[in-house]
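Should a chain be cited, it is by its letter among A, B, C and D, assigned in written order, with residues numbered from 1 in that chain.
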Amino acid sequence: MLIEFSIIPIGIGSSLSAHIAEVLKIVDASGLPYKATPMGTVVEGEWDELLKLIKKCHKTAMKSGDRVVTTISIDDRKGKRNRIEEKVRSVEKKIGKALKK
Amino acid sequence: MLIEFSIIPIGIGSSLSAHIAEVLKIVDASGLPYKATPMGTVVEGEWDELLKLIKKCHKTAMKSGDRVVTTISIDDRKGKRNRIEEKVRSVEKKIGKALKK
Amino acid sequence: MLIEFSIIPIGIGSSLSAHIAEVLKIVDASGLPYKATPMGTVVEGEWDELLKLIKKCHKTAMKSGDRVVTTISIDDRKGKRNRIEEKVRSVEKKIGKALKK
Amino acid sequence: MLIEFSIIPIGIGSSLSAHIAEVLKIVDASGLPYKATPMGTVVEGEWDELLKLIKKCHKTAMKSGDRVVTTISIDDRKGKRNRIEEKVRSVEKKIGKALKK
């Protein structure tokens, strides 16, 4: 399944890149296929490994402040693999044109 | 922490209430404090019990179709309890007026 | 259509109730049917009036800080009215039991 | 401001790529800076032009079915430009390593 998540520490200033960096170090070290986007991080895997990863990221963010808002979107589809690459590719085939990625 | 989640089975018709009913039966039986809203379900608890509950709901929805989109929002704040009641109450105090709930 | 939205000012402290109060005053004054939930505000109406309302709330929040994260979920279904009450009621009928609201 | 959105037609089958293709044609033709990700589309611009674009995409999706769920996340930060490129770059500088994108 595909999961996108975004972790927002509240009340520690309006620049969050140092905190997002800590989160992305954890994701990068996980070995799971991922993509860092301007609005979140997309990771592909199974429920338990993905939620364990996001818990670790969320708990890390909680260390630096009193409040964290985390949003998660899950797209789970039976019998499909490598959707982190194939979903956009499948749309490009339908359009007949490469999209900006 | 507070969590709101919404589970959408894709491709099994545009009426989802029978599927949402299965999800809310599970939430209601969990014994955790919750509120059913027109756009999702809010539950209060700790990370592991909440994510275990949502996993159960998501897996139940996957039984009836090929694809499920689940969205989760987490609001985690240190040292606060009974936020499922207190958050709106605290806003009402600031406004000096009861809100529609 | 039904819309749920949540407005989070970033970097102005971890208590947000005063800012949420400003947002809910605007919603309450709009005359549109709404429900304040622990994780956001649900409003029913048409696209233009709803998005105009949320723009006003978002711009108000931007006055008090440098950064605001706003999330919006829209559930649009043809030919259905009063869904702000009927969606949960329809699930309750399927379960045969009143839910916590 | 940056906006990510995702449009899910409900009840027209579990493959959505043909519908997503219609949405991305509209985004691509808008001339606004965007990125197609596996979980949504990120676009940069001002409130009115972005919400007008998403309205057009949502209304197009409503033509092919009875129900559409659209989710939108907005990250609005004063005085920052080209954040569609700079946000991830800023995190990469903090980590000292290129991320997967």
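Keep in mind that, in the parts below, contacts are C-beta pairs under 8 Å (C-beta built on N, C-alpha and C of every residue); 3 or more make two chains touch, one makes a residue touch a chain.
Fair warning: this is a prediction, and the values are worked out from it, not measured in the lab.
Participant: Could you work out which pair in A-B, B-D or B-C copies the interface of A-D, where over half of the contact pairs coincide by residue number?
Facilitator: B-C
Participant: Have a look at C-D versus A-C and report the one with more C-beta pairs in contact.
Facilitator: C-D
Participant: Could you grab the centroid distance between chain A and chain C? Build each centroid from C-alpha atoms only and quote it in angstrom.
Facilitator: It comes to 25 Å between the two C-alpha centres.
Participant: Could you work out how far the Cα centre of chain C sits from that of chain D, in whole Å?
Facilitator: 21
Participant: Note the residues in chain D that touch 2 or more other chains, in rising order.
Facilitator: Within chain D, the residues that touch at least two other chains are 14, 66-67, 69, 71, 73, 75, 77.
Participant: State the interface residues of chain D toward chain C in the complex, per the touch definition above.
Facilitator: 47, 51, 55, 58, 62, 66-79
Participant: Which of the residues in chain D end up touching chain B in this complex?
Facilitator: Residues in contact with chain B: 8, 10-16, 65-67, 69, 71.
Participant: Mind listing the chain C positions that touch chain B in their complex?
Facilitator: 2, 4, 6, 14, 17-18, 20-21, 24-25, 28, 33-40, 42, 71, 73, 75, 77, 83-85, 87-88, 90-91, 94-95, 97, 99-101
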